[in-house]
Structure formats: structure tokens, C-alpha cells
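First chain A sits with chain B, and in the next complex the same chain sits with chain C.
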Partner chain A sequence: MLINSVILILQETLEAALLIGVLLAINAQLRCHHRWLWYGLSTGAIIAALFALNMGSVAEWFDYAGQEVMNTVMQSLICLFLAAAVWLVSGLNRFQLGAWQQYGHYFGRLCGLIIMLAVIREGQEIMLYLGGFFSSGKHLQQVTMGSIIGFGIGASSGILLFYGLVGLPATWTKPVSLTLLALFAGTMLSQSALQLTQVDWIEQTAPLWDSSALLAEDSLLGELLYALVGYESKPTAAQVVSYIAGVCLVLIAAFRGSRYKRQHHLKQHHLKQQSGETA
Partner chain B sequence: MKAAENQKITKRSLCSVSVAAGKVAAITLIANGLLVGAAVAAPPVIELEIRDHLFYPAEFTVPADTKIKLLIHNMDPTPEEFESYELNREKVIPGNRRAVIFIGPLKPGTYPFFGEFYPKTAQGKILVQ
Partner chain C sequence: MNSIRIFLVSTILALVTLFVFVSALRGYESSMLQAEQLFDSQLKVTARLIARIHADNPDNQGSPVDLDENIAFQVWRDGQLVARSSNAPEAAIAKQQPGFGYYNFAGYRWRTLSYFSDDQWVMAAERSDIRFSLAENVITKSLLPTLIGLPVLGLLIWLIVTRGMRPLRNLARELSGKQADDLRPLSTVLPKQELAQIIASTNGLLQRLESSLQREKQFASDAAHELRTPISSLKIQLHNMAQDLTEHPQEIAQINQTANQLEHVVEQILALYRSSPDHYNAQFVPLDLSALTQDIIAEEYGSIERKGQSIEFHGDSQFILGDRFSLGTLIHNLLGNANKYTPAGGQILVSVSRDSDAVVLRVEDSGPGIAEDQYQRVFQRFYRVGGDRHQSGEPGCGLGLAIVKRVADLYQASIDVGPSTFSSGCAFTLRFKAAN
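Showing the complex of A and B:
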């Protein structure tokens, strides 16, 4: 039971921990405050508990597609919020931040929402899992130990990623972080396509490829890549299309965001010059 | 004054980003819609039970190239998670509740599944012929 709990809790924690690591790395480079982290974590945990307590009825919504529909809504929102957050910080560096203060604020709020959603998604399953053992009272000690270890490894991975990103040469931190966020957004949409396939809202088609012999999803590297970039060994067309759409959405937001700031910066520069001339 | 201006700009630009996001989302929805076939006959239903962290039946046969509706009753008071890497399926089933999972059409072969919360005992496989 010990090993099972370690693996299960690690699987659930890893994705959220890595996402938080990336968002914090961007935040650290911009030197914004990180109050949003705590708001996101705490509200996420509370809502996750409410979901876990009512999972029985939620699961029966939409003719037993309730869980999948809720997950799809949350995953799509994460994808949209990520695109908006990336738009805000693209083309922005900490030297300009004084003039672009509002961007930092909005970025923080969006990060809070993204983390809240990520915690709800993963937290409800952890709470259901642990709730089962607490109510039955069996294997309690092993499960508690395993969960602490699993959570510890997951959280450490996020911290490791954070320091890895911050430790990169300064010009690299943001492009790499934004790329990871784009892949994460793709993962979210791809997972939601799979969720809807599971309840027959999207037709199941034959997998586009099968790389399970090359890299199994339940192997250590497979699990890590699943959490980091959404690796699937047997994805369907709907998953691949959704993945690409999610990645493109964030990349477009990144390009648009930096172009907008460049143009706006130039405009302000011209205005300043003009006012200087008239004076 | 400047802060207010900036705020206005941010709001306007957030609008433009959400429009772009909407476009991409719409494209995805259409693409997904194309993949949604018209539902023909209702797929055959196979009922499974979870009792004392075991699946009943733990092994069953389904026809190849057919969509199947699994109706899983969790008779235990504790939740369980139906999971299969081979089927690419994962779903939590709260205690004393039921869940529906669609699988297939599948190629002939053996597709193992397990209960992620009690993986030692809750194991089974689907034979596709």
C-alpha cells in the first residue's frame, strides 16, 4: 500500500507542482509579488474538498459524464488563462515593469486562478483517495506515509524545475518557461479531448500511433513526460488536434503580446518626442 | 492618470487576446465536431461490479471493432479508480455509486485494467475477439 500511495499522490501532485514551478520562475524574473500563489493554493484546496465531498452527485450529471465535463471546463479555462497570462508577460522585462505595473497585477491574478484550477483538478482525487482510507481506517499508517513521500517528491520536482529555470542564462529563462506553458496548454486541451471521448461525446478513433513499446506511459520517464509535456503513447486524432491548438493558442498570444508592447512602446516614445518638440 | 491609462490599455488588449483565443477554440471545436460521428445504434452494455476491491467479472470478452459501454457499480463504501493504460481510460468511481465509461472500437487483443486505489487486488482484463 505504501508504494501505491507514493505513486498515486506523486502522479497527482507532479503536474500542478511543475506548473507552479514555471509560473514562479517567470514571476521571479519579473520580480512581481507572489501572494497569488497562496490565494490559488488555499481556494483551490477548499473547492477541491467541496468537489470531493459531492463527487457522488457531480459524477451523475449529464448522464454520468459529470466528472469529464467538469474536468473539460477546468482544463479549457486553464488553457485560456495561460494564453492570457503569456500575452501579458511577453515582451515585458523587469526594467519596463514600472510603466507596465498593471500587467504584473493581472499576471498575478491569472496565475492565482490557474493554480486554483490545477489544485481543484488534482486535489479532489487525492482527497477522495485519502478519504476512503480515513473512513475505513485500514492501511492508514502506510497510506499516510506514502502520501507524504509522494507529495514531497512532487513538490521537490516543482522546486527543482523552478531553480533550473531561474538558473538558466537570463535571456533563456522566459522563452523556455513560456514554451513549457505552451506545451502545458496543449496537454490540457488534449486531456479534455480524451475525457470527452471516454463519455462518448467525441467519437473514439484508432490511435494515430503507438509508442508504448518505445516509451511506456507507466514508466518513470513516461510519467514525468506526461506531467511535463503531456506525453501519450497512443493518442487519438482529437487529442493531437487539441494539443496542437492549445500550443498554437499560447504561441500566438506570446507573439501578439510582445508585438503589442513593442508598438505601444514606440508610440509612447514618439509622443514624448513630439511633446518635447512643442515645448 | 498613467495607471488608469495603462489599465484601460490592458483591458482592451485582453479583449483582443480573448477574441484570438475564441477563434482558436472555435477551430478546435469544429475539428472535434468533425470527428463526432452520428450515433448509430446504442452500444452494447457490459456491467461490472467492484466488491471488496475486486472486479466482477475480472475477465470478459467483447467483440472487436465495436463500441462498448461499461457500467461499473462500486459496491464498496470506498472510492475506486478504474484505470487502463492499454485502453487509455481513467475514471474515479465514488463509493456506492455507478460510473459509465465507453471503450472501443478496439482491435483484437488483451486489454488489462485495474483499480488505481487498490491495484494489488482490483485487477482484470478485457479480451477483444
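Showing the complex of A and C:
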């Protein structure tokens, strides 16, 4: 029971902790407040508890595909919000002055929403799992210890990733963080495809490859890579396509965001010059 | 997030947690494997024992034997079941191949051992879930101290980092507690190796800054002092010229006014210099602030009357420890300020009163007043509200209130600026410590 609890809690915690770590690192570079973290965590935990309490009815939705569909919706929303957040902060450090500051505030709000969705998704599964054991009263010690170990490893990885990103040279922090967010968005869409495959909304196909012999998904490194870059040892075509779509969406958002700010900056600069000449 | 302490505690604790928990998991896995091997060898002993019992009594084919619920066995000879435990089915519980395996029967998963000896197959089995629970219970108990110890370790790390950061915190406190004019070296004795360089550099910087400021003050004082004599001489010459050149009275008056202004600036610079703590060493004696204020009002009355202003004084005898020169300079400057910036016909109100342990000197006028955001700036040297384009048109050098502030600091008196009780204007309130 201990190892099962470790794996489940680690899977759920690690993903959220790494996402929070990356978002906080970008936030620290923009020097914005991080109240959104606490709003996202608290609201997410409350909604996750409500979901877990009503999971019976939620599961019955969409012809007993309710949980999978809800997860798909949340994962897709996380992917979209990540793309929007990346659009907001791309190219921002060069135009950190004046009106561009508000982009940092919008970024904070989006981060709050992303964290909230991530906590709902991961939190409801943890609550369901732990709730089952606590109501039965069996293996409590092993489950509790396993949960603490899983949570400890997940949270520690998030903290180290945050300080690792913040400790990078200033010019590296944001590109590395944005790349990780792009991979994370890919993971979200890939998991959505998997969820829809499980309820037969997408046709089940044979895996494109099998790398479980090289790196098993349930190994510690496999878990870490799964949470960080969405590693799957036996992905289907739908998962691979979704993964690439998620990554591309964020990369396009980064490119467009950077270009938009550069063009508007130049436009404002031009207007200022014109008004200066008129004066 | 920008705190060094939080960074150190978080990263150390995260690294320790990661290493301890990953090691604990590795330990758990290897302990479970060893426990499995231990249970297997125990199962082998059981199988051998059963084989020996049935080899010694080959005709012993009785009813099923009642055993512990987590152990089952079967003995097969020539394809016939010759003995079994009561919880074992009549069908074979494992293949007739030597070695261990996992099979399901009687509603549970079992660890089985097939053992061939003395022309008979002995199949011994133990319930897999019970073996797992037994092993896990033992191993988790060994992990418990690690989990309990981790918060204690976290607390210790926090305390050690906090203790280690103390010299830095003390240094920061000493720096932030320094007054703007306190350029004494940092007093930290026997600094830590990492801070010694910072303290040495800061002290060097403070020393250079102090020397530079001293030179600046000395220069201003020397220049002002040296200018006094030629200005006096110039004024005498002007007076003589005014007697001789009666056809240019306006030009002479303008030059005279400029000379007066120059003399005023020089006197103010000298007053500022003399009131600096480094050069101020007067003996404080009990002094009646009320009487002194009245004397100064009498001295300034000529200027007040010339502008058609009215002045009122309220107060009775109030004693503070001080000296006439510095307090006189302070009151002169406050009254001069009110006189300058209050328009002709305006009012000036001066009061000296007692407020518990403090003697309060208040000078207010009905002038244009000072905007709230300028309250602190008016005490800066050479600062004038509105710059040289002050709407009063009065000449000034912006040193008067800086001198007032400097003298107030000497007396550790508080000074506040606020609106006056008139419909316009401002009020300066100084609170001195009363003499016992």
C-alpha cells in the first residue's frame, strides 16, 4: 500500500508542483506579486473537495464518461490558459515600463486560474484515493506514510525547479521556463486524448512505439519526466498528435506575443517622436 | 521569495527531503525483496517438512489437515492427491514443476512452491497478501522515525540558518538605524569572514564621504567668513556713494539691496555652519523661551511693521535647557520666514505653551501656505517653494528653514509643518523638552 500511495500522490503532486515552480519563476522575473498562487491553491482545493464528494453523480454525466470528460475539459483549458499566459509575458522583459506592467497583472490572474484547474484535477483524485482508505480504516499507516513521501518528493522537486530556474542567468530563465510550459501544454492535450480514448470518444489504436524497456513510466525518473515533459512509454497516434498540437500552440503564442509587443513598442516610440517634433 | 533565509531553508530542506525519501523508497523496495526471500526460504522449509512427514508415512491418507489459514499444502503421488490441508482445493494448486510461483485459489492469491522428493510432489502455499502485509508492517515501522524526524530536522535547519544570518541582520539593522548625517564607521566587532570585506569597504566609503562633506562645509564656512569683510566694506562704499551720487538713487538702492541679500546669504551660511553638531559646543542653561521669543519679536518688529503686518504673542514663562544664540537664530529665522512670505497687511501669531513634558513654540502666519507634499522639502538646504520664482517676490537663499531644522535637531526637538488657524498660511510647531 505504501508504494501505491507514493506513486499515486507523487504523480498528482509532482505535476502541479512543477507547474507552480515554472509559473513562479516567470513571475519572480517579472517582479509581480504572487497572491494568485494562494487564491489558485485555496479555490482549487475547495472545488476539488466538492468534486470528490459528488464524484458519483459527476461520473454518470455523458453516459458514464463524466469524470473523463471533465478532466479533458480542465486539461484543455489549462493548455489554452498556458498559451494565453505565454502570449502575455513573451517579449515583456524588454518593454517592462509603463503600460506593459499591466500584462504582468493579467499574467498573475491567468496563473491563478491555471493553478486552480491543476489543483482541482489532481486534488480530486488524491481526495478520492485517500477518502476511500480513511473511510475503510485499513492500511492507514502505510497510506499516510506513502502519501507523505509522495507529497514530499513532489513538493521538493517543485521547489528545486523554481530555484533552479531563478538561479539561471537572467536571459535563460524565461526561454527555459516558456519551453517547459510549452511541453506542459503538450502533456495536457496528450492526457486529454488519452482520457477520450478511455471512454471511446477517440478510436483506440496501437502504440506508435514502446520505450518501457528503456525507461519505465512507473520508475522515479519516468514519473519525473512524465510530469515535466509528458513522457509516455507507449503513446498512441492521438496522444502524439495532441502533444505536438499543444507544444505548437504555446510556441505560436510566444512568437505572436513577442511580435505584438515589439510592433506596438515601435509604434508608440514613433508616435512619441512625432508629438515631440510637433511640440 | 527574495529572502536569502527562505532560499537556504527551502532548498536545503527540499534536497534533504528528496534524498531521504528516495533513499527510503529504495530501502523499502530492497527490504521487501529480502522479506520475500525470507518468506520463500521459510516456505521451502515447510514444504520439505511436509515431504518428510509423508515420505515416512506413505500410507497416511487421512482427511484434510487443519492448518493456519495462511498456509496450504497438497501432496501428490502418481497423479493422485494423497494429502492436503483443509483450505486447499482438490485440484492442483500449482503446476508440477519445481520452483516458486503465484496462483489463485480459495479466493486469494498465493505464493506457491512445488517440490519433488521421494516420488511425491509437495505443493506448499502461503497467502500472498498476508506475506506482503507482514513485510510492509515491519518495514514501515522502520521508516516511521525518518518521517517523524524530518519536521524536527526542518526546524533545526531553520534555526541554524536564522542563527547563521544573524551577523548579516545585525549589519543591516546598524546600517538602517544610521541617521542621514551619521558617518561614523560601522561598529561591528570581530565580523564574520564573509562580512569583513563588506564592512571594511563600507567603512572606507563612509570615511571618504565624511572627509568630502567636511571639505565642503569648511569651504562654505571659509568662503562665507572671507566674504564678510569685503561685503561690509562694499556697503560702506555704497553708503558713501549714495551721498555723492544723488542723481542715481534708484540704481544705488538696487545695488544696496543686492549687497544686503549677499550679506544675508553669507550670514545664513555661517549660522548653518555654526549650528552643525560638529561645531556646536555651547553650554545649555535653563532659559525662558517665552521671554526670548518676545525679545526676538521686538528685534524683528521693524520689518513686520514696514510690511503693515500685525503680530500677536501668547504665552507665559516656560523654561527649557538651551542657549540664547542658537534659539535666537531659530526664532529669528521662523519669524523672518513668516514676515517674508506673508503679504502686506497679513497676520502673524506666535505662542509658547506647555504640553505635559514639552514646551511648544508655534509660529503661524496668514501667508499663501505650503502644499502638503512640500512639507518635508522646505527643510532642505537651498530649497525654496516654487524655486526662485516664488510668488512673494521676496529675495531668499532657502537656508532659513534648514537652519531651524538643524537647531531643532540639536535640541532633539520635533518640528511639524501644517496649516495655520488663519484662513490661509502655514504653522511651524516645535516641541522642546521642558527643563525641570
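We adopt the following convention: the second predicted complex is superposed on the first by the 275 of 279 C-alpha atoms of A that agree within 3 Å, B and C clash if a C-alpha of one lies under 4 Å from a C-alpha of the other, contacts with A are read in each partner's own complex, and residues count from 1 in each chain.
Definition applied: a contact is a pair of C-beta atoms (placed from the backbone, for glycine too) under 8 Å apart; a residue touches a chain by one contact, two chains touch by 3 or more.
Worth saying up front: this structure is predicted, and the values here are computed from it rather than measured.
Once the two complexes are overlaid on the shared chain, A:159 sits against chain C while remaining clear of chain B.
With both structures placed on the common chain, the touch criterion links A:34 to chain C but leaves chain B unconnected. Legend: residue contacts after superposition of the two complexes on their common chain; A:210 is shown touching neither chain B nor chain C. Using the contact criterion defined above for the overlaid structures, shared-chain residue A:145 touches chain C, although it does not reach chain B. By the touch criterion defined above, A:6 reaches chain C but does not reach chain B.
Contacts of A:220 after superposition: chain C is touched, whereas chain B is not reached. Contacts of A:24 after superposition: chain C is touched, whereas chain B is not reached. Which of chain B and chain C touches more residues of chain A: that partner is B.
When the two complexes are superposed on chain A, the residues of chain A that touch both chain B and chain C are 1.
Chain A meets chain C in the complex at residues 1-3, 6, 24, 28, 34, 141-142, 145, 148-149, 152-153, 155-157, 159-160, 163, 166, 220.
Of all residues in chain A, only 1, 4, 8, 55-56, 59-60, 63-65, 67-68, 76, 80, 83-84, 87-88, 99-103, 106, 125, 128-129, 131-133, 135-136, 189, 193-194, 196-207, 212, 216-218, 232-234, 237-238, 241-242, 245, 248-249, 252-253, 256-257, 260, 264 touch chain B in the complex they form. For chain B in complex with chain A, the touching residues are 2-3, 6-7, 9-10, 13-14, 16-18, 20-21, 24-25, 27-28, 31-32, 35-37, 39, 43, 67, 69, 77-79, 81, 85, 88-105, 107, 116-120.
Across the complex, chain C meets chain A through its residues 1-2, 7, 10-11, 13-15, 17-18, 21-22, 24-25, 28-29, 136, 139-140, 143-144, 147, 150.
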